[in-house]
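Each chain carries a letter (A, B and C) given by its place in the written order, and its residues are counted from 1.
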Amino acid sequence: MDRFLFLTFDGLSRGAVYAAFALALVLIWRATRIVNFAQGAMAVATAYVGYSVADATGSYWLGFAVAVLAGLLLGAGVERVVMRFVDHSSPLNGVVVALGLVLIIQGVLGMIYGNEFRPAEAPFSRDAFNIGGVALLSRYDVFVFAAVGAVVVLLTLLFTRTPTGLRMRAAAFAPDVSRLLGVPVGGMLTLGWALAAAVGSLAGMLVIPTELGLHPTAMDVLFISAFTAAVLGGLDSPIGAVIGGLIVGLVLSYISGYLGATVAPMAVLALLVVVLLGRPDGLFARSKARTA
Amino acid sequence: MSALLEVDGLTVGYGAAPVLHDVSLTVEPGQIVAVLGANGAGKTTLLRALSGLLPPTRGRVVFDGADLRGIRVERMVRHGIAHVPEGRGVVTELTVDENLRLGGLWRKPQPSLAPIYELFPRLAERRGHLGHQLSGGERQMLALGRALAAQPRLLLLDEPSLGLAPRVTAQIMALLRDLRDRTGLAVLLVEQNVRSALSIADQGIVLSLGRIAARDDAAALADDADLRHAYLGF
Amino acid sequence: MTALKDRVTARMVAPASRRRLNPYLVVAVGAALVVALTYTLPPFRTYQLATIGAYLCVTAGLTVLTGLNGQLSLGHGALMATGAYTLALWQNKFNLLAVGIVVAMLVTTAAGLIIGLAAARLRGPYLAGLTLAVAVVVPSITSTFDETFNSDQGLSVVLNPPPESMTVEQWQAWLCWAGALVTVLALALITRGRFGRDMRAVRDDETAAKLAGISIARTQVWTFVISAACAGLGGALFAVLAQSVSPGAFPLTLSLFLLMAIVIGGLGRLSGALIGAFLLVALPALAHEIGEASGSQRLEGNLALTFFGVVLVVVMLAAPGGLASLRVPRSWRPSHTTRKKKH
């Protein structure tokens, strides 16, 4: 029972990160009908930047802030320079371009930082402290919950309470009409990419210290988990992404807890297959077919 | 009185071949000009060119003394032009209230929506509903209300009566006439519902195969039986 | 309905190829060329030639899948791994290469069938995501079942020495190119016939293809299975070339490289697959030399990665219409025979 509780909290903590990352995927999907397959690579790139700053200045928090800021800039840059010019006649075009970005980013990172794992410090202890005699949560888990919770709340406020959020939603749902209403749709897309990439960077900063550390491919498996979470949530639904993330986190935590950690990647794949074939619309989606 | 909108020799198309040829027209402030014509005559294309969605190949569009060439679509509303596209363009994923707010979003400070809700009490009742929950008539009112929230001086309306019951169409026409009389709003009204359109319009223009086939006072057009038979099908 | 069917058929049949190469002739010339090269090139170049042959098996299958049938797979690196590991296990137990290659293809075909069945129900980014997951996850299976696969260290491959009259490299090149040319011949014949027409029809317009009596799912699954078999063959040949297999040899980037190769080569052409296979060997070799010259180890592998990425993005953005416009259909038009199908 204690183990079950421990795995539950551990799963929620992982799930929170998946949720944030899935949220980033959903933001871009809603706005552009592109699944940003480069999101993992982009997040790794900004994490490298963040940890470089942290190493140079000795301040984790400065590095953290720089990483998120770098995500903002990288997202905006990728939209302005590359994604804006992708032909939309086939959904494969965006996928292929994003994969090209993965190669570029991983190549450049390898050239600058090398292809070894670099240790990445966590800002808080990852040792679980006792609650009622059971070791459930670490300080780091609490930090993860707080950070992801803050992101979800801020994004919700942005989208539902501010004029800019309204513009962004309108631009995503109905770009042509929005332009007629005076919404600068191109700018909203750039902003959407920037925000999504920043959220992705934040998720990267949260997850990298819990894994093997910094590496150009450090987010590959996480990307798959988050993609699964986003698809489970319906790919169109931010709430769905968050719930999907938590579900995927729990499932993976139980599986690696009871069956062994090496099974986890296969479990992700199996889960993705089950979701894609079993719940074709995700849990919360509007759209019907898996056809994009 | 100088014209609010002056279109001079407008030629525009989607590819190499023009759809509209050498179209000229004017709209005075406080005037409703009906643009009539069969399916495919180029009415929608005309409105798209005016609001900047389609760049003209030739010709000039002058609005309130300023040439509109090269002005981006999203800036048009700031100049005072509101375009309600064919099929209405309600953002179905947003609520009624959000759709209306969207209309006035570019203004600082943002205008109150109270006058719009006063004009369309039905929308006030449904303000929290999503766009896709609305009936056709409600959507048309929403699109119209949203355009009015931008407080335009010229309204480009593309077939507002499409798919609506005659009673609802009549309501909308009455509302347009009312707005013109009260606020001096100018309207370029594209319609296939010729009778309704001419009943409130000051001027009428008949487009045929992308060219202006006739223009006259609305009343005169309505009375011209030959013209009606030739171009308007009744 | 009939009109629609006529239109579909017309589109598929109308512009017949102006000049179509006889595939048997091409393969014969290719074989002669390879044999001649193996007697003139130095051993290392011969080894590279062999590698091109192994890659060609995979890129040829993949270009048919993506270019002619419109399915994107990022999982072909993983399918190669399946073929390679199967061959390694087989060889270490039975040491019967010819059978081992066939077994590797069969096992990979089975894996491809499973993915293909799922893939036929998925489109666009969903298909890409699933196959991406396959590419990321499959190499990690070697850790899950480490008694069989020996984790990250991988397995060595038992091989008999080549016939006495040949060097190892010559023998490798002959073997790989035998596989590649058979693959190309088989694909050329398949894609020229009725099945090729079905594949293109499904790619161009699923609804129209359905109305013309073509089973979408069956066409897609078969195409996937065929391309998986090609990948299995390629993987097995790689195991022979490297005389070992390890998960590190089949990273996600391998799948992305394969994608890049067929996009740059010109989607849907077997000649493009050859260009792609050549680039897959030539560019990393070039990057390796630049890396050596600059004395920076980091540059080596990563330069090729970056370069491939840049080329992929630039090609995609420069080609109006993206992937579709990269297809060069001329040499792939089916013959004049009009399709007769009851429905």
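What we mean here is this: a contact is a pair of C-beta atoms (placed from the backbone, for glycine too) under 8 Å apart; a residue touches a chain by one contact, two chains touch by 3 or more.
Computed from a prediction, not measured in an experiment: that's the story for all the values here.
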Exercise. Mind having a look at which chain is the central one, using mean CA positions?
Key: A
Exercise. Work out the mean Cα position per chain and let me know which chain is farthest from chain A.
Key: B
Quiz item: Where are there more C-beta contacts: A-C or A-B?
Solution: A-C
Self-check item: chain B-chain C separation of Cα centroids, rounded to whole Å
Solution: 55
Quiz item: So, what's the distance in Å between the C-alpha centres of chain C and chain A?
Solution: 31
Quiz item: If you average the Cα atoms of chain A and of chain B to get two centres, how far apart are those centres in Å?
Solution: 43
Quiz item: What residues in chain C touch two or more of the other chains?
Solution: none
Exercise. Spell out, as numbers or ranges, the residues of chain A touching 2 or more other chains.
Key: none
Quiz item: Which of the residues in chain A end up touching chain B in this complex?
Solution: 163, 166-167, 169-170, 173-174, 176-185
Quiz prompt | Touch list for chain C against partner chain A, complex | solution = 70, 72, 74, 118, 121-126, 128-130, 132-134, 136-137, 140-141, 143-144, 146, 251-253, 256-257, 259-260, 263, 296, 298-299, 301-313, 316-317, 319-324
Quiz prompt | chain C-touching residues of chain A, taken from the complex the two chains share | solution = 29, 34-35, 37, 82, 85-87, 89-97, 99-112, 114-115, 217, 220-221, 223-224, 227-228, 231, 260, 262-263, 265-266, 268-269, 272-273, 276-277, 280, 289-292
Exercise. Would you tell me which residues of chain B are touching chain A in their complex?
Key: 51, 53, 73-78, 82-83, 85, 89-94, 98, 101-103, 105-106, 110, 146, 150
